[in-house]
């Protein structure tokens, strides 16, 4: 089996799920797939999904790497809030776009370094280690914005959130670009394999000479870097840093995206592309609910129901039952033939 | 526990001593919830300003969204023998014991902005806004603005199940109830946030023929309206003209939008709850005038005609 | 015996996994009162057959008759209720519960709705008495030796099932005395007309205990015969499908390479793990390490490889000091290490054979310098061929291979780094005869190419066969060094046993 067909086979369940979700939205809301160009930008519900899904997609990229090492990063939502606040307060003080972005991304990397040191050096369980920043991070962000929404009017920064390049919204380009770059880096270098090795058997990896400590720190820094980009986009999108709400609960959506993407929470084999499709599935469900016009009291129940169905269909038990069923169906005509002979 | 009783005892003595001496300069304790929102920060700023104007010594305690911190702060105020206490309670229940302690110490308590479930003889009065009334003011503005014209309204609700969301929806619906030209065609929660306001407005626009079916937006707070305005602009429509926008709170950013002609009206939830509270306390202490149990603040309507630029300048440093 | 009605009859059992046919129409018949040995190399299909019989796997084809009735167990619990019980090499009991609780878990005697401790202990004692075991059943299971735990596991399995008992390598971690104790138990069960399936790599034990032998190879049935009718050579032939060169040697190799030591450890040790020792390694030399389990063998290997960094002494190479604070340092210095616990410390189960082979080399190069995909594939193919690794292709997850093949993959991982000094901890444990011989041949080959090796083994014959020198370890210190003609099993046993009588008994068995 070639690498390409293995890859296709890996992401097939996610693609099928995404197609099913999109198809059901199209039934409820017929104009769903219409795309036009309005005001110099692509316009349509499908574009909204790609655009609104940007933060979760970005978080899912980093989260995939962390989960592959058998870790988890609960702090990404808070890191989004911090980095958005840092970017907003930087332009508010008159800094240029490039130093502002450098400062926000640098802050994100520092958050990742902190998480990485807690996990890799102090050997604190990832869920506990990142919980610290999850709790404290939002407070830090509130300190930066002084509790209010820090509004800015810096055109350069706003462009990142709501500008377009060749009619495509910038957030879409940014998450696609980040996803492609990270996927290429982990697969074209040995990073992916070494990360998977750590997740599957950390001791064997260490004995084989894998630098587990440095790689773990790097993975948490990558996760926070993705969160920083997501935070900048979220702030730029609403032209303000909302420390109380930016990235709130998005860590859970990111984890869910990775899980829907078929990467096990027990670490090991991962697929960034599958996680990105997972993020789009989640956003498609969100957008679909908004388009459906149901009263808002049903939002969470509908979302939970759909996620439950997806996860049940992807569960090992149902999968093996499905394979069993398919094989029986295939083999029974063959059996009949032998009887005839 | 023993020491707490001793403290309270000392507090009672101290407060009696104060009253006996008839000190003119008042000391008032203020237990604030925390910095949960910009509005809350503005409330704190204005409370400090109002106290300073009246020559009141304000003792400020930030509870960081925790009831136990507020109870501690109240006990400490009682022990210090303050002349009165202002509190913005973080939750509605669980205040009986500490309010009784204040009553025994003869310290009047005024509730700011939020209510408690305790018996109303445990506090002097409550100052707050009527959320239903706010919604009604917004609705009445839209009734007069449309003046009988057909108008499809989309509504951005607050957090599902929260009392501002329920009451502001109710007030607005009451105002437009008998106007057959006004119809709410879509209503969805935007969680009081800008980001969700923008996202939900995008879906409204798609669902209502690119926004051409929408004549007005009613948002339960200004933040969601600010987010929605961006969504409308990105869809190639003109907010404030193609789609009328009315919201509630009157935070500074909405005045910027109004100055730019992108928003039409907002109903003020005044952060100045302390002013009326101090006035009521002053009257009560001077000659024992008992204020009503609920003092409703004014829900002032601002439109583009009210020099939004100037209002923005006045409000922008309040900490919103 | 063949005249009696078979207790268990499996016909044409077939099981396929993606890419492999693990069992291809295998027949197996077990009579009551029979000990039936199931033999085959690793990967021959023994475990798969057992798992199909016990319901751990769903078979894809074939029938299983128990007492003439067709059965189709969906899980091990159901198989147990039919009467088929299994005891694995790693005892599947709960070490932190008492012996009595382990025996009766789920079936505790209940009195007035409460579990009665006294009744339970009495019942447990009665159960164990049948096996000639008189121990304090109220103590936790982990207080007892593996052999006792093994008997407890058998007692539990027999009490729950009572018709067929499957023993999967029960003797792998037992000493000779304990093996005899276990065999007594097996014989008593045989008298009670149980059918017993016995899986082992030890041919001596197979000949001692079994009545019939079934041999599998590559998922197919090779033959089933009465033990009395086969001899050793034929059995090995059946298992391997080829003649195994019988290599025996009385004493160690005398062709120790001349010249200066390549690597010189001086006063090297780690307090609490292994006492400081001196060790010189020459190029092309095999140093054996002999000693009982827990004597300091593995500790020696781990301190040499930097797994537990040394806290005394130094290591020199041509007068220059080598840093050796971590496995990464050791690998940078040209060391390699195949650990004893293959699954826990060695393989990365979900990664492919190819990825496991390139792992150490890739880790040394760093993640920024990936081996090109083509080079990786070529390297994997080369080692699969050279070490005869049995796998359908290089992309198969290594965890699905048999133990011997996993060991070969680990060796390949280190050979890919072209080490100067390779440490092998129990390289032949738990692997089949064929792979065993191949690994010994490989050790000799590598040493002929000038590599230095340190091999830890509990098989003294094996050490005699390939070692130039043997270090004997006892009580966490190096106590003797045997060279050339002095390397004999007798001398090693003597050195291991020397100080106190208690140890001598143990070593003599």
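The chains carry the letters A, B and C, assigned in the order they are written, with residues numbered from 1 in each.
Heads up, the rule we're going with is that a residue touches a chain if its C-beta (ideal position, glycine included) is under 8 Å from a C-beta of that chain, and two chains touch if they have at least 3 such contacts.
Since this is a predicted model, take the numbers as computed values, not measurements.
Asks: Taking each chain's centre as the mean of its CA atoms, which one is farthest from the centre of subunit C?
Replies: B
Asks: Indicate, using Cα centroids, the chain positioned nearest the centre of all protein chains shown.
Replies: A
Asks: Just how far, in Å, is the C-alpha centre of subunit C from the one of subunit B?
Replies: Chain centres of subunit B and subunit C, defined by C-alpha means, are spaced 73 Å apart.
Asks: Measuring centre to centre with CA averages, how many angstrom lie between subunit A and subunit B?
Replies: 36
Asks: Rounded to the nearest whole Å, what is the centre-to-centre distance of subunit A and subunit C, using the mean of the C-alpha atoms as each centre?
Replies: 43
Asks: Write out the stretch or stretches of subunit B touching subunit A in their complex.
Replies: 35-38, 40-41, 157, 160-161, 186-189, 191, 193-196, 198-200, 202-204, 206-207, 210, 223, 226-227, 230, 233-236, 253, 256, 319-320
Asks: Mind listing the subunit C positions that touch subunit A in their complex?
Replies: 58, 305, 307, 327-328, 331, 337, 339, 344-351, 355, 358-360, 362-371, 373, 395, 413
Asks: Which subunit A residues qualify as touching subunit C in the complex?
Replies: Interface residues on subunit A, with respect to subunit C: 1, 3, 6, 188-191, 193-194, 196-197, 200-201, 203-211, 215, 268-269, 324.
Asks: Going by the contact rule set out above, which residues of subunit A touch subunit B in the complex?
Replies: Within the complex, subunit A touches subunit B at residues 29, 31, 38-39, 41, 43-45, 48, 52, 142, 146-149, 151, 162, 234, 237-240, 242, 244-246, 286-287, 290-291, 293, 295-297, 299.
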